[in-house]
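Scrolling down, you'll hit the structures one after another.
Each of the two complexes below includes subunit A, the first together with subunit B, the second together with subunit C.
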Partner chain A sequence: MMAKKTLILSLVVSSFALLFCQALFAASKLNVVATTTTLANIASEIGQDKIRVGSIASPKQNIHHYAPTPKDVLKVKRADVLIHEGLDLEAWREPLLAAAGNMRFLGEGKDSIDVSLGVPLLEIPTSLSRSEGDIHAFGNPHYIGDPENAKIIALNIAEGLAKVDPENADFFRGNATVFNKKMDAKIKDWEARMAGFQGAPVVTYHRSWSYFVKRFNLSVIGEVEPKPGIPPTAKHLAGLIQKIRDKKAKVIIKEPFEETRTPKKIADETGVQVVTLSQSVGEPKESKDYISLMEQNISSLEAALKHEGGK
Partner chain B sequence: MSPFLMLMWKPLLACLILTGIHTYLGVHVVERKVIFVDLALAQIAALGAVLAFMFGFSLHGQATYWFSLGATFIGAIIFSMTRTRREKIPQEAIIGIVYAVAAAAAILILSRAAEGDEEIRHMLVGNILLVDLREILTMAILYGIVGSFHWYFRKTFLLISTKPEEAYRKGIKVRWWDILFYLTFGLVVTSSVHIAGVLLVFSFLIIPAVGAILFSDKISGRLFMGWGFGILASIGGIGLSYYFDLPTGATVVCVFGGLLVLLAIVKNFSFKKG
Partner chain C sequence: MRRHLWIYSLLLSFLCLGPIRTVLADPSGGPNLVQEMADIKRMVAAMESNMEVLKSTVRAQNEIIERQNYRIEVFEKKQTSLPIQAAAMPQTPPPAKTLMQGGFNPDIGVVGTTQGKLTQNKADVDGNNTIALKELEVNFAGAVDPYSRLDATLALNDNLEDQNIDIEEAYYTRWGLPLGFTTQLGKFRAMIGKENLMHGHQLQTADYPLVIQNFFGEEGLSSSGARLKNDIPNPWDLPLELTGEILRGNNGESFSGISRRPIFNTHLKSFFEPSQDTNLELGWTTLFGDENPPRTILVDDGTGVMVEEEYTPAEGQDRYGVKVFGGDATFNWFLPEGKRVMSQSEIYFQNRTDRVYDNNAPWGFYSLVEYRFSPKFSTGARFDYLNPLDVAGRQGTTSISPYFIFWQSEFADVKLQYSHTVYAGGEKTDNAAFFVVDFMIGAHKHVVQ
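Moving on, here comes the complex of A and B:
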């Protein structure tokens, strides 16, 4: 009886000790929160076992309009470092930071990493007029679609982490170099595979692929939306269908959260292929990291561009 | 402070303030049978904001607020002018028409803008989880003033809502009081919708009042029951939203619905027994 009691007691004590050790161990890691799954993935490549990383927005939704949950507020509250895409991509970022009240990210935000620093931005409006579709005051924020920009992001994250945790600065910078080398090899491969489609006319749903098409020399002949965020009108669709026929476009690029009815209608009329490409790691599920995500995008696009057909 | 309170005290406080004013206004709205008037006024306010937006003002700026307030006041005047003593066209029909036309007009104007569509949806959705202290204070002061005003003139307001015939007979200028009612109502709804969203505001307005009608015929009884009901649903909804990590506003609305079903069952059961 006594032995049993001792056994139970020692089990309880040791499991508490184990929990305590785990807590201690966990506490020694930097607690990093990224606004998107893609940033979280790149951050994990840079920080590896020195950080614990979580993300906020679901990869299944339009990043502009995510609605944070209580757990998201808690994540930001407890985080040591916040990584975000800057500009006005995450429309919910400021209210979320205010609600979390974590002094590290308020005001000057000394422990937040804006990965857009140094990214050559496209479509910066010369005069800000909402009626012309210039909702993005700082330029097009979908720069993560260009794999070259992923390298800038990696460097920004490494520098940001190094500032908060100077002891591991070399580790972070070293990992960024490794990541960027991997990216260089991949970009070469992707560019080679897309080389056969130089200047190929494509249609995108929203203006979220500007960086991607520039990298791979495709030419966007129109958008399914007449203006960013405005649903297509009859006249616009008729014009777009005519353009697709005239320029012999083969592909409509849409993101997973964009509706399929309109692209499908256009496809039925013209025989173009609708391809769903993603900029969010984890959507589709098989894209476990940024490289496999882009790999999948390139493969789908390659297949669609090779497809013979059209009406 | 527990992590729950640390995280949720602001939304909870906001919900309690909303309960305070909306349960009271809800009792009026249900009595007047103008259930959807808040949706129509919110839509008109959004239309006002769209107009400001088209004139180049920022969507969250001061000018836009005055535009949407101005639009709401026009709506308030429409609703008070369309109520007649012997009504041929039901008030609900007017409310429906105003809602549909305001929503359509907003779409028309926005078809010339960019991403405004989503911005306006935001205005009508709100996010109670991310409410900040300044918004809570503004709400408390504004609703305090409106509440005191209604408290001071409670007899007239209640008479017109519950027994309009008697009010007309007594020679009360019903139309002018109606304008006052809809003006104050519009002021409250516009501010609430911006913070909590259309769905949540509608629930705060109607569900406590309806739940209380099940149990009480007296206005004061309904008011106190409604407040209790609202407080319970707020705490329950905020709690569930925290523990299961669900969108806060939608959880509170569903808790309201669930509680109402529960109340109806209890009522039915006790009625049969009695």
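Moving on, here comes the complex of A and C:
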């Protein structure tokens, strides 16, 4: 009986000791939280062993409609630095910050990094009306789809981390340069592989691939959604099917969280290929980092565009 | 000539071997040199990065200039609206634009709910066999200063007999208190379980569960008061949020009508992620409040005749005689392609005297399951059981409410619901059909619960 008590006591004591050690270890690093897995990945490339990084939105869910959980509130509450995509991509960001009440990110928000700074934005509306669907007031926020923008993101993260931790400023900036050099090499390769498909007509489910198609000189002839964020209607689909036939589009690009039924229906009628691309590291599971994610996107799209078909 | 070449070669070899020999001779020299080289490389990389930052800044500045020029051009041409795609030119995030558009105005949103109801109930009361604008909510929200914000919801009702404006919520949030506490002051929906926190249009169903309606009011308990909340540190790194509230007493069906005797509420919640695609939130609520039974007294009717009159004394006989306990559980299962299964249950029971209501141990629960099977549609059902406040004994009201939701967009939805209710005692039943349309404009951001 005594031995059992001693065992339990020692287990409890060692758990707390481990917890204490973990807290000490964690305290020596900057606690960074990013709104998406992709930003968390780029941040880990920049911060490496000087930061501890976590993410909020699940890569499997639509970033616009993500509902933050109590665990996310706790993450933000404990974070030293918040990295976000800015604009109005994460519509839930403001309520999340209000729920967490971390003064580092409220008011002046001096320790939050908006990675959209300096990104050349597309599709900025000149008038705002919900009759145009779920449009974004500051422009299309899906800029992470262009690998060139990942370089700007890396620099923004490096500068943001350097402000919070000036002692390691050179370390962060140096890592950003290394990351950007890797990106330069990969972009060259991806552009070369996509060069054969200049101006190829494609259809996207949501207007989330504008930056990607611009980078690789593809031409979007329409979207499955009649307007951003509005579910497809029969009338719109009939028009889109006709357009696909007229323009001889070969591919419908959708994201993993978007339904397959409608694109498949269009594919059955027109012979286009439905290809699932992602902007979130970790979805699919094989995409461990931004480069492998884009590599996978390019390979999938390349294969689909090469596919001979059509009705 | 050949001899000269030999001499040059020897000299070169000697010069080249010199540093290598030094490194080899000094064991600490090698690593130092490697370290220095690494440092130099890092410095060069940092300088390159600085160059990139400078380039990026210049590029951003140029983009701002281009954008301003473009705006001037548009302004000069007196163009008021351009197609969205036409504005596709290099941009930087325009903070000035928001400032110009909104100034210091708060975010404003309007949410309307129109409800049609068909019921077997023959009573000619508001809501039976009719269609009406049930509620029009006007939301205001914005930062007060760097430390606080204000959220307010005014509800305009189109009731047949008393059209009115209610302050549904209006509370001031102050962050950054010692030890990480956050406080909220004003009027807010009490932190009771899950559905009591939601506004009508946020509900999956057309109405609040029977136990919420019976214990806290038709639209739940919203009360003036003060709230303090924080996370409890724990060795398991679990979210463990504790909220304490002091609420004005004259609220909710279960409590007395005396406002100077507050209701005390505490809510504890935790959250688990059993897998990458599932999560579970558990909560516990405890409320203490007064029960002030009305008394019958004799009063002069003005003609010298003493008549009986009922009144509720300010000094209650049962200080904190009403105790409400409740548990809530919400389970989410995220499926591929945006599909989702959600299950939510809440149970409440009371310990009270039977001087105001006949039942001294009322209790009830509801259980709801919903399946969102496409971007446009979801379906579900709610089961209710209620042993109500005013029915003594173990008789309970049961109700089953299947429903269907059409999500026209993120800003408009249509709900259809059928409810079959068997009232306590089993003698009376009711069948009702609901048709609800929710629509919203402007800014609308739901509070993270």
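Following the convention adopted for this analysis, the second predicted complex is superposed on the first by the 287 of 311 C-alpha atoms of A that agree within 3 Å, B and C clash if a C-alpha of one lies under 4 Å from a C-alpha of the other, contacts with A are read in each partner's own complex, and residues count from 1 in each chain.
Assume a contact is a pair of C-beta atoms (placed from the backbone, for glycine too) under 8 Å apart; a residue touches a chain by one contact, two chains touch by 3 or more.
Worth saying up front: this structure is predicted, and the values here are computed from it rather than measured.
Superimposing the complexes on subunit A yields a three-chain arrangement in which subunit B and subunit C clash. Once the two complexes are laid over each other on the shared chain, residue contacts for A:246 go to neither subunit B nor subunit C. Legend: residue contacts after superposition of the two complexes on their common chain; A:260 is shown touching subunit C, with no touch to subunit B.
Of the two partner chains placed by the overlay, subunit B and subunit C both lie in contact with A:73. By the document's definition of touching, of the two partners only subunit C reaches A:61; subunit B does not.
Using the contact criterion defined above for the overlaid structures, shared-chain residue A:231 touches subunit B and also reaches subunit C.
Of the two partner chains placed by the overlay, neither subunit B nor subunit C lies in contact with A:286. Subunit A has more of its residues touched by C than by the other of subunit B and subunit C.
Comparing which residues of subunit A touch subunit B with which touch subunit C, the overlap comprises 65, 67-71, 73-74, 77, 91-92, 95-96, 98-99, 130, 132-135, 229-231.
Subunit A meets subunit C in the complex at residues 15-16, 19, 58, 60-62, 65, 67-74, 77, 86-87, 91-92, 94-96, 98-99, 101-103, 106-108, 114, 116-127, 130, 132-135, 137-139, 151-152, 155, 158-159, 169-171, 173-174, 176-178, 180, 229-231, 256-261. On subunit B, the positions that touch subunit A within their shared complex are 3, 6-8, 10, 53-54, 56, 110-118, 121-122, 125, 127, 129-132, 241-242, 245-248.
Remark: subunit A residues 64-65, 67-71, 73-74, 77, 91-92, 95-96, 98-99, 129-135, 227-231, 233 touch subunit B in the complex. In the complex of the two chains, the subunit C residues touching subunit A come out as 42-43, 45-46, 48-50, 52-53, 56-57, 59-60, 63, 74, 80-82, 84-94, 97-98, 143, 145-147, 149, 173, 175-176, 180, 182, 231, 235, 239, 241, 269-271, 273, 276-277, 279, 281, 334, 336-338, 374-376, 407-411, 441, 445-448.
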